[in-house]
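Chain IDs A, B, C, D and E follow the sequence of writing; residue 1 opens each chain.
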Amino acid sequence: MVLEKALPEQTHARYWRKPLDIDSQKIPRGKVHIIDVRCKECGFCIEFCPKDVLEKSDKYNRKGYNVVRVVKGREDMCVACKHCEDICPEFALWIEEVKG
Amino acid sequence: MSAPFVDKLEGLEDVHPADKWLRTDMLPHIWCPGCGLGIVLNAYIKAAEKAQIPREKRVVVSGIGCSGRAAGYLNQDSYHTTHGRSIAFATGIKIARPDLNVAVISGDGDLFAIGGNHFIHAARRNMDIKVICVNNFNYGMTGGQGGPTTPIGAKTTTTPYGGFEHPFNLPWLAATCGAVYVARWTTLDSRRLRDSIAEALTKKGFAFVEVISPCPIGFGRPNKIGSGLDEMKMYMDKWDLKPPNWITQEGSNPREADITLGKPIVVGKFVDIDKPTFLDLYWKILPHKEETPLNDVEKKQVAGAKA
Amino acid sequence: MATEEAAPPKPKKEEPRVGVYICHCGLNIAGSVDVVEVARVAEKFPGVVVSKDYRYMCSDPGQELLKKDIKENNLNRIVVASCTPRLHEPTFRAAIQEAGLNKYLFEMANIREHCSWVHLRDREGATAKAIDLVKMAVSRAVLLEEQVEQKVPVIRRTLVIGGGVAGIQSALDLADAGYQVYMVEKNPSIGGRMAQIDKTFPTMDCSICILAPKMSEAGRHPLIEIMTNSEVKSVTGYVGNFQVEILEKARMVKDTCTACGDCSKVCPVIAPNEFDMGLAARKAIYQPFAQAVPPTYIIDRNLCLNKGHVIACERCVEACLAKSIDFSLTDKTTRLDVGTIVVATGATTFDPTKLAEFGYRKFPNVITTLEFERLINAGGPTRGHLVRFTDFKEPERVAFVQCIGSRSENRGNPYCSNICCMETIKDSLLIKEHWPDVAIDVYYMDIRAFGKGFEDLYKRAKAEGIRFIRGIPAEVRETNGGDLKVIGENTLMQRVYDETYGMVILSIGLEPQEDSNVIQRLLVLNKTADGFFMESHPKLLPVDTPTKGVFLAGCAESPKDIKDSVTQACAAASRANILMARGEISVEALTPIIELDKCTGCGLCVKVCPFNALQFVGEGKGRKVQVIEAACAGCGTCGAECMFGAITNKHYTDAQILAQIDAALEVGAEKKVMAFCCNWCSYAGADFAGVSRMQYAPDVRIVRTMCSGRIAPKFIRRAFAKGAAVVLVSGCHLGDCHYINANHQTKKRVEKMWAELDRKGVRKERLQLDWFTAAEGQKFADRINEICGIATTVTAEEIQKAVAAYKEN
Amino acid sequence: MRGAVLTGAHFMNGDIAAAEGAIAAGCRFFAGYPITPATEVTERMAERLPEVNGRYIQMEDEIGSMAAILGASAAGMKSMTSTSGPGFSLMMENIGLGAMMEIPCVVLDVQRGGPSTGLPTLVAQQDMMQARWGSHGDYALVAYCPNSPQEMFNLAIQAFNTAEKYRIPALIMADESIGHMTEKVVIPEQGAIHLVGRKKPTVPPEQYVPFRPDEDLIPPMALAGEGYFVRMTGLTHDEYGRPAINLDAQTKLIPRLTEKIHKHASDIIEYEEMQMEDADVVVVAYGITSRCVRRSVELARKDGVRAGLFRLITAWPFPEKKVKELASRVKAFVVPEINLGQMVLEVERAVAGRVPVRSVTYHGGGLPSPELTYKTIIEVAK
Amino acid sequence: MRKEIRFTGFGGQGIILSGFIYGKAAAIFGGKNATMTQSYGPEARGGACSSDVVIEDGPVSFPEVTAPEIMVVMSRDAYNTHKKLIRKGVRVFYDQDLVQVEEGLGAEFIPIPSLKIAEGLGKKIVANIVMLGALAAGSDMVPKDAVKQAILSTVPPATKELNEKAFEAGYAQAKQVLEKIKA
């Protein structure tokens, strides 16, 4: 758990300490599954991911779209809210909730 | 230097949770990148699931246009009918099989220009069908022509100087025609959209859900909105943004739901009332009430003819 | 609705018979002003029948003297030259009323705040000025007329702004007295700072244990409506009849919430818990603390993944069995009508990060007293264990450092924060109670243990072995393993100290709320130089504000402890109660009278009226203006705007003001500064300069109006016609006007006058415009000196040119 | 309350007889819109369907009516609509949809004079080619031409059987005269009525290929709500119902839609021969005209001309083979119809110039006068 | 043997129903074949109106009346419209209170005060049934009993009695008139 990433900037200024009980706080986790062939690079998932987990890759799929991928280092940031899954018009990605 | 070409086969092994409701052999679908129709389709799938409608009871009828293709992507009973006639077709299905959950997913032009008459009469009769209108303010499939929802001033290929006709205020239209459930959302409100469709699907009577959806090619481009993503961002507001692009007004007057360029789009649930449906009144006023329309002899005759 | 006390007064035709009384105010006036001389000169002023000097006019014998003279000499106008009318005008008005005179037949000359106190070392100048001020007063007095005050009903409902202990106390008092109370709190729960504190001094009660019952009592009280997560958006109206708009920000959780906490468990967003000073975490959906009132959860919209209307995440919605979470809830604006308002907005704490030498934020084991409160609280993040943040071990030695952010002109705030000494003493005793072996040193400037039982506690601390070392450390450094070196000079021993501690606790002071200027603006309050709200009078009206019907409670007024806050809250409640119990109040007779034969129906006055108190009657050429008395607040800007002399502002007539100008400039006008000051800010600022004995040149003569909007161009022109060197027009700062925005008209008129002066070849510098708050005494003094400096540069030719340009005025 | 089959002899008009025939055939869904001279069908259905637990809806227009019956039929109800010229025109697009989706249904057109509003209350036979070619694209349907109220009843049943069997919209091309004519109609016992149901899939849903035809070129039909997850589209589609906008799919699908009728033409085609054994001059007629010109044939016979009447019961598919065969043994054809020559084109095509074909045209608005046809018979006989 | 009858009048007089009943009498109760056709204007009421019944032993081919044997005329307009068919050998039943007939057409005119009789029975609307009674008396095309049966199986059950009275009254009236003519 990296507090800096868990806490937005504005509150950061006032309450700067790492909360003592932060390790006992549970946060849901998700694993992003991307079906490359379906992605059309619309960017909805990237823009509206509240945790900024996704980005455009430099890989092309069959139709020449740069498919979406998970940002390196943010793999653990997905909280499985599944907003991307809901707003992907292509059924190109989905979230598996990681238990435990 | 060229980027690596991928056609990720391991991706195909992935099974999207919606896949079981889709005819996956048809994917990727024909809709443009940045089009919102897929979101609506997704919302319908999740809504039907949420509303616990068994697959064999689900029917989707669509008309013509980009949205008309929605029906065919669903792995369930689906009918892709003629331009504007989806509601009439759905009316036939519903009357023949009142136990089925009949939804119409179609576009603004299909439902309200060529199909406007069927819409107003189905609403008037309180025909127990659910109409999901994907409103992208233009005729996308034929190349972005103006239609009955094109806002004044909006450019399309047939309104090159900007739209000059008063557009429909669809929630108001639906409400005044007698719909028992009227709501409007944007494709960005995927959760509310899903919940609203689920509500509509379980609502007895004529339920109408309008979905404001991006059309990057037909509408976004000529109106300099940009990509589908840019159009989606227009639906977004911040808590402190004034005026917001979005106001939720539960139960508010749909009369105020006009869509004007540069003004916030009013979304929310406008109408949720109860009244007898076409079939309720049919059975109440008319004499006969039986489950099966064929009598025993006829059933035998028909059964005997089975191939 | 206004009701009239009696039939409108008939204009008195009788000859004015003025009695003049010059007060010595002990030596306050007599020390710098030759009061006998003033009284002697005043005897010759036209209309004066009696002129006397007296030691204390405000004393009972002084008042008796007035009454006796009125009767014996058949006086019908009274002038008292003493202190500011803002202090004793009501006293003398009451006295003459008892003697059978209408209270509007009274005028005061402010020869103390505006004269003796500001010209302490210029007896000659002060005396000359006092004579002028009395002359001005007399010349106005002869023109005074009887007035009838209107009565307006007082709405028997109160708005309490702030839900801390002061707000809660005021609310409970008023509600128990039978008034409907609306309590607005910007945080999600009421309770305020007191809820965070572990124990209270000097009795060492558990803070939340004594607060929580009050909180729930307020929550349950049928006459208290608590609006949390809410802000006051606008306030209009006047005493007894305020219209308030409250913005209730949506909690996104309905009150069907059972506070089970299932939502919080699944929420994916972690944030520092404000209640625990960030020492513990909370989720984006949370309950502020266990005893919160209302007890419902709330969604922190800044943190929630759902931005705007977009629902990205709905884990809480899915987890909530009571179906209480609703993201479609929207902010709600509620309009309330209240008669009184109690401001209990509290204070905030000083952020010690600004004082880098103490290493706060650099060294984890440097903490603030507020963090300490949470740390040793049994309900806090460590369950009450005193541990350091580096190794989670108890420190062997602890240092408290006092006056962090207090009593320093440059490094924090200049004032004493009142509570920190005792808090430290209490905290140190708490440590001793649980961990007797911990050695405690307190570094201080002075220990202020002035309250009841405070000294005993201080003694106990010393007896417990707590060392008090005079001399604030110069530096705190981190050494091995998180230990802290405290280096400084013991100013008693005059010896450098260099000690090592496991933990350093910074005793942080209090500051005005960051957003206190919002409330200030909405309620048109004043602030002291410290930034806390200013009371009407520091001694006699300690919880009143210049805005009638608005009262102060708790730390909003100044830093204070719980007991003082509660005491003041009770006082504020009581003051509000007095207003509401009476059920009606008199409104000063300041409304305009329209002389219909002069009114052309041009509508200029209608346009400038900030209260929409003027309306048209009739159509076309016969159109006239009429006054809605109940809506009028008496600023007088209509009178200043009317070009046809059709508007008479009661008690501030053109004739009265012109007479004052004439009197002020009768002698030696070429050196004088003719000043116009509004009652609320600039006149009060001048008073404040006087109270603070801020010296300035004696050449200024002040005419008081209720609002600078009353100052008509003709007054300025008359001043120049009479040969004034400089004219000063002053009012409240733009945006702070007590009459919504009437001072914008002042600005416009002065700008027009500047253009006019330019056209007429009069130097523009000779007309000055400035804004002062009641707290800007220093600024007032400085500006007067500056303007008097300008006056000395004005040549005789310049004076003559202006006199010629305006002679017909 | 009356049952579905009103067994017995009735004196009823053609429109009502058609409605009774439909109900006897198992029609339980009717969508319609008032139009003269077909309104009585709608009225009768509104009255009768509720009695037999059927469902009647008066739609907002004929387009909706046509679409609704397709929907109802797709959901398993035998469905019908009725109309007249202008309404028939409006139905064309969705008749095409019915052909494309292969949804059984029956459309009754009670013909009146046109074009446009024309003669709302008067007879004509001007929609015959529209019945064949009215909707755009290539397809084949079956169209019946009743010439009496009794036949309205009989052919309504027949139309349903054909529609169900071949998965097509079946047309009944009546005319105002037959529709409004009142005669004795004998309705048999229910048991004596032969009904045909649509072919249903016999395989489980996962093996079902919705548009894969059997040998008879007709695919089994699964209904909405049966768990077969039917996908239908008006687009050219493959056997799975997937839109397939390409030459290959068009080549596979469209010829079959025509072929499935042609292949069974001999089973479908019905006609009636009168005094044809020795005929030299064959009068080809249908509907009301066939009754009027019987007198012409009789008059000609009196004059010694060996005339015969060949009455079309199915206009479409046209009995091409039979006419060809006749052309080889008769001297001439006379084709009277209440239009300016529609079915005569088919006769000419079949006869292919072997013998003269004379068109007798009536303009509509009144019954064809037997004299005109008689004269023509005499002329061609010379 | 083909027989043709034309009923004429204006809308609302039950002209079409008369044709229907007479056709039904022939086809259902008279053992013959009958075709009833009708013609009326666009008006729902009051327009010119007629119904034809063609009766044959064999199938009816041409369904319309070209040379009626019997005509029933119940309005002046109808008389004028259909006058051209009134010639020698045609028997015309008419309501003498509504229609003025011209002598010299060679036809046989049977005056029946159907409206008056109906009014006498309490309901003007049964005037057409009075005419049918007259027709049953004045023509042997369809037996009297068949006509009566057709009437009773067509009219609403509650009005059977009234209709039967009207029928009989018309029958009696016609018999009387015919006897007078014979005499």
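FYI, contacts are C-beta pairs under 8 Å (C-beta built on N, C-alpha and C of every residue); 3 or more make two chains touch, one makes a residue touch a chain.
Predicted model only: the values in this text are computed from it and were never measured.
Among the remaining chains, those touching chain C and also chain D are B.
When each chain is reduced to the average of its Cα atoms, E sits farthest from chain C. No other pair of chains has as many C-beta pairs in contact as B-D. Taking the mean of each chain's C-alpha atoms as its centre, the chain lying closest to the overall protein C-alpha centroid is B.
The geometric centre of chain B is 37 Å away from that of chain D, both derived from CA atoms. Work out the mean CA point of chain A and of chain D, and you get 62 Å between them. Note on chain placement: the centre of chain A and the centre of chain B lie 29 Å apart, centres being C-alpha means. Computed centre separation for the pair chain B/chain C is 59 angstrom, with centres defined by C-alpha atoms.
For chain C, the set of residues touching two or more other chains reads 307, 310-312, 314. Residue numbers of chain A whose C-beta contacts span two or more other chains: 48, 83. Shown for chain D are the residues in touch with two or more other chains, of which there are none. Interchain contacts (touch definition given at top) occur between A-B, A-C, B-C, B-D, D-E. Interface residues of chain A, counted against chain B in their complex, comprise 33-38, 40-44, 47-48, 58-63, 65-67, 83, 85-94.
Across the complex, chain C meets chain A through its residues 265-266, 268-274, 276-281, 283, 302-303, 305-307, 310-315, 351, 361, 364, 381-382, 389. For chain A in complex with chain C, the residues that touch the partner chain are 3, 6-8, 10-11, 14-17, 19-22, 25-28, 48-51, 79-81, 83. Residue ranges of chain B in contact with chain C, taken from their complex: 188-192, 236-239, 241, 244, 246-248, 250, 267-268. Residues of chain B that touch chain D in their complex: 23, 25-26, 55-57, 59, 61, 64, 69, 71-72, 75-82, 84-97, 99-100, 117-118, 120-121, 278, 282, 286-290, 292-295, 297-298, 301-307.
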